[in-house]
Amino acid sequence: MRREPPVTDPFVRMYHVSKSYMAGTFALHDVSLEVDRGEFVFLTGPSGAGKTTLLKLLFAAERPSEGQIILRGRNITRLREYGIPALRRRIGVVFQDFKLLGHRSVEENVGMALEVRGTPPREIRSRVFRVLKQVGLQHRRYHRAEALSGGEQQRVALARALVNDPELLLADEPTGNLDPELTLEIMDLIASAGARGTTVVVATHDLSLIDRYAKRTLHLEAGCVKRDAGAAAISA
Amino acid sequence: MRLLVVHLFYAARSAIRGLWASPVTTGVALVTIAVSLVLVGAFGLLVTNMQGLLDRVGEDLRVTAYLEEGISDEDLKRLALLTQTVEGVASVETISKDDALRIFDERLGGRSGLLEGLEYNPLPASLEITLVESQRSVGGLRVVVESLDGLPGIEELSYGEEWVEGYARALSMIRGLGVGVACVLALATLLIVGNTIKLAVYARRDEIEILGLVGASRSFVRIPFLLEGFTQGTLAALMALGLLYILYRILTPSLAAGIELLMGHASPAFFSPFQMFLLVASGAFVGALGSAAAFVEGGRR
Amino acid sequence: MRREPPVTDPFVRMYHVSKSYMAGTFALHDVSLEVDRGEFVFLTGPSGAGKTTLLKLLFAAERPSEGQIILRGRNITRLREYGIPALRRRIGVVFQDFKLLGHRSVEENVGMALEVRGTPPREIRSRVFRVLKQVGLQHRRYHRAEALSGGEQQRVALARALVNDPELLLADEPTGNLDPELTLEIMDLIASAGARGTTVVVATHDLSLIDRYAKRTLHLEAGCVKRDAGAAAISA
Amino acid sequence: MRLLVVHLFYAARSAIRGLWASPVTTGVALVTIAVSLVLVGAFGLLVTNMQGLLDRVGEDLRVTAYLEEGISDEDLKRLALLTQTVEGVASVETISKDDALRIFDERLGGRSGLLEGLEYNPLPASLEITLVESQRSVGGLRVVVESLDGLPGIEELSYGEEWVEGYARALSMIRGLGVGVACVLALATLLIVGNTIKLAVYARRDEIEILGLVGASRSFVRIPFLLEGFTQGTLAALMALGLLYILYRILTPSLAAGIELLMGHASPAFFSPFQMFLLVASGAFVGALGSAAAFVEGGRR
C-alpha cells in the first residue's frame, strides 16, 4: 500500500490538461487548476465549453490527450484499467443524462453504488432509504426508474451519487430538470455534503445558484478556463 | 472472507435478476441453446446405437478352418479344444461333413437334385471360429489365422479376407464420419450458443456500461453474466434432455421394428446416466464459455 | 377523407382528462383545457406534476385513462394503432431525454423526421442544413449524436422537432441543458415558429422565460391545473 | 408512385446502414445463420450421396429364372427376348448350365474337389433379370415375377424375397430417418436463425421506439429489418455454400477411396445448381421470416 498523502495537499491538481476527441479540435485546452479537499466549485460555460469533458477526466471515463491529473496524490492518467473501479468507488457522479437502468427499481439503481463495494444488503437497504428520503423519493423506491418523471430521475441519479459518502462529488447539471424550489433543496443537500468534507464540483448553467451560494466558480469557454473567481478566498 | 460471501451473494442475485429482468433475451437464448443441444444429443444417440448395430455385424467376422479328409471324431474334438485356447478366439463350432452338405443344400435353396447327383460327399468338415471383440480387425484376424495355421488336422483356413477388409474400412469410415460430424456439430453448437449469448449480453450493454461507471470491478460485472450463461446452459441442456427422451419414446417402437427385421434383435438405447451428465455439463460449460467470450472483444467501451 | 374542421375551432381540446399509470394514483386528474391554433402555452409545475404526461397524451404516446382529447377536430383517444403515425408526423416533439440515436449522425437524426414522410433526399439535406444552422450546429452535422455535449444534443432534438414545420410543437424542458444566452436564442426560435402559425406547448421550470415571453401559462400541481394565466388575453 | 420509390430507397438505405451500423450484431447473426445452414447443407449432401449409393445397391435387386432341363438354345434365346419385353424388366442375362457350374465352383472358393466328384451337371440354366428403377420394391418385384411366371420354359423363379423385403425396409427406414432428421434440422435452423435475428432486433429496440415516436409507420420501421434479415440470410447462405464446397473438396478424395472399396465405383457429388439456389433461397427466406417474427410479440412498446 502506498502512503496516503497529507490532507493539506490539494485534492485535485490538473497540469496543462488537454483533451481532443478529434484531431484538430480541443474539448479542453491547456487547463491547469487545483481544488482543495472539501472545496465547493461551480463549473460554468456555454454549451460545448468542455464542462462534461473536465468531469469525465476526473473519474477516468476519458483520458487526457495531454497533461497530468493528480487526484488524492495519485496520478490517474497513469492508472491501469483495473485501477479505475477503485477510483470510481470513491467518487459520486450525477451524469448529465442520469444513466439509470430504466428496468430496475429506484432502490436497485441507488443500491448499485454500494453493491459494487460489497456492502451487506441490510446496510444497503437502510442507507438507500435514508438518501432517497433526502431527495424526497422514498415512496417511489420500488418503482422502475423509467416510470419516474424527468426531475424524479435526476434526483435518483443524485441519490446514487451521494449514497456512498464519496470523497469527491461530480454533478453535471444536477438541477436542469427541477423546479426552482426543488433546485434549492437539492443544492442545499449537495452543499451539506460539501460541508461534511466532500469535495464538490457542480457543472451548471443556473446563474442564480452561483449568486446564491457564492462559491468559487470556474468559467470555461471553448475548452479554456476564462475565469476562476473567488478561489482561495471562499474555499475552506 | 465476509466480503467474498457478500460478493457471491450479489453475483447470484444479479444473475437471477438478469434472467428474470429480460425474459425475451433469456427465453430466446434458452430455446436456441436447447435446440442446438437437441441436435448434438440426437446425433449422439444415433451414433451410439449405430455403434451397437455395427458391433453385432462384427460378430459375423469368423474364420472357417477346413479339416483334413478322414479326421477322426476324437482328433476333431481335441482340435476344437486346442483351437479354443488360441489367443483371440471367442468361440469354436464344429461342423461335420454331413452338416456341411446340409448347409450347402440349404444355400442352394433346397433344390434337391444336386444332392442326389453326388456319389460321395465332397465337402470337408470344418471349424467355425469367432473372434473376441478386440481382435475383430484385419490385423487381429491375421494374428489369429497365423496361430491356427500350424495346427495339425487343419487343411485350409478361409476367412473372406476381402470382406473383412471392407468391413473394417466401413467401420473406421463410419466412425471417422461420426467423429467428423460430431466435431462439426460441437463447433457449430459452440458458435451458435456463443453468438446467442453474445447478442444477449450486447442487448444489455447499458447495464454493463453503468455498472462500470459506478465503480464495479471487472469481475463484479462479469461473474453474474457467467452465472447466467451457466444457468441458461444447464437449463437448456435439461430441456434438451427432456425433449430427446420424448422423441426417443415416440420413435423407438417403429424404429426398433424396422431394425429388428434387418439385423435381428435390436433395442435402441437412451443415454446412460453418465452420458446425460455429460450433456448437461457440456450445456453448462458452453453457456459459461459463451458469456465469457461475449466480453472478449467487447471489453470496456 | 373527413372534412377538415374550420380553423377557428380550438386546435386542442381536453375534456376531463385523467391519466393513471398505477391504480390509485393520478399523474393527471380531470384536466380540461383548450388551446387555439397558433397559440403559445407554457406548462409549469413542480417535479412530477404531470407536464410530460400531458404532452405524451397529445402525441398519443399514452392514452388517457378517462376523458377525451380532440386535436384538429379529431378525437385522438379513439385513434387506432395505424392512425398514430400520421398524427405524429404533424407534431414536433422535443423529448425531455432527447431520444436521439447515439450511433447515427446528427444529420440522420434530424432527417429521420422527414424520411418518415417520404421527403426526397435532396430536399431533406437542404432542410436539415437550414434547421441545424438555426440551432447553431450546422458544422456538427456529420458527427455521431453521442459525441455531442448535452446542450448540443438538446438542440439537435429541437432541430428534429422543427424540421418538418409541425402544426403542433411540444417541447419538454427544451432549455434545461443550455446556458442563459443560448436559452434565449433557442426560445426565440421556438417563438418564431409560433409566430408562423405553429401551436406551441413548452414545459419548463425556467420562470425567467415565462416572465420574459409573457405568454399564457398553465400551472400544474399534482396532476391538476392550478392556474391558467392570461389565456384569452395574450393568445392572438 | 414517386413516394413508393422514395420509401423503397429509404428502406434499402436504412437496411444497409443498419447492417453497417451495428457490426457486432450483424457479424454474430451472419455467422450463426451460416453455421446453421452449413449443418443443413452438409446433411443434405450426405443424404443425396447416400441415396446414390443405395440406388447402386438396388441394382443388385434381380430375379433369377431357373429354366427347364434340356431347353434348346433357340428356345432359350426366344425366352430371353420375350422376357426383355416384360414391363419393368431392365436387362436380361443368360446363364447356361456350364456358366452356372463355373460360378458355383467360384463361390466355393475354387476348391475343385467338388466338380470332380460330379458325374453330371446338376445345375440348371437360368436368366438373370434386373429391374427398372421404378420397379425396385417388393410390390414392383412381385408384379414382374407374376408376369414372368406363366412363360414357357421357366421352371422356377427365385428372387430372395426376404432380402428384398429387408432391403426395401432399410431403404424406406433410411429415407424416413433422412426426412425426419431433415425436418428436425430445418426446424432447428428456423428457430436458431429466428432467435438470432430476434435478439439482433431486440438489441436495436431504441431505434424502433424512436422511429415510432417521430411518426414512422409500421411498414417504414419493419421493411428495413425485413430487408436486413433477407440480406443476412442470403449472405450467410452464400458463406455456407462456400464453406461446404471447401469441405467437399477436402473430404471427397479420402471419402471416395473408402466408399469405392466398399461399393465399387463412387464419386460423391456436390449440389446441383438448382439445389444451390434452393439453399440460398431458403437462407434468404429464413432471414426475412426471422425478422418478421421478431416483431410479432414485441409489437410497439
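We just call them A, B, C and D in the order they show up, numbering each chain from 1.
Definition applied: contacts are C-beta pairs under 8 Å (C-beta built on N, C-alpha and C of every residue); 3 or more make two chains touch, one makes a residue touch a chain.
For clarity, every value in this text was computed on a predicted model and none was experimentally measured.
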Reaching chain C from chain B through chains that touch each other, fewest steps: 2
Set of chains adjacent to chain B and to chain D: none
Centroid distance [mean C-alpha coordinates] between chain D and chain A, Å: 67
Centre-to-centre distance between chain C and chain A (centres being mean Cα positions), rounded to whole Å: 31
Intercentroid distance (Cα basis), chain D paired with chain C, Å: 62
Centroid distance [mean C-alpha coordinates] between chain B and chain A, Å: 62
Category of the chain touch graph - line, ring, star, complete, other: ring
Pairs of chains satisfying the touch condition: A-B, A-C, B-D, C-D
List of chain B residues in touch with chain D within their complex: 24-25, 28-29, 31-32, 35-36, 38-39, 42, 66, 109, 111, 113-114, 116-120, 122-123, 156, 158, 165-166, 169-170, 173, 180-181, 184-185, 188, 191-192, 195-196, 198-200, 202-203, 251, 255, 258-259, 261-262, 297-298
Chain C to chain A touching residues, read off their complex: 21, 44-48, 51-52, 96-98, 147-152, 155, 172-173, 176-183, 205, 207
Touch list for chain B against partner chain A, complex: 3, 6-7, 9-10, 21-22, 206-207, 209-218, 220, 300
Complex interface listing, chain A residues touching chain B: 59, 61, 81-82, 85-91, 93, 95, 99-101, 103-104, 112-113, 115-121, 160
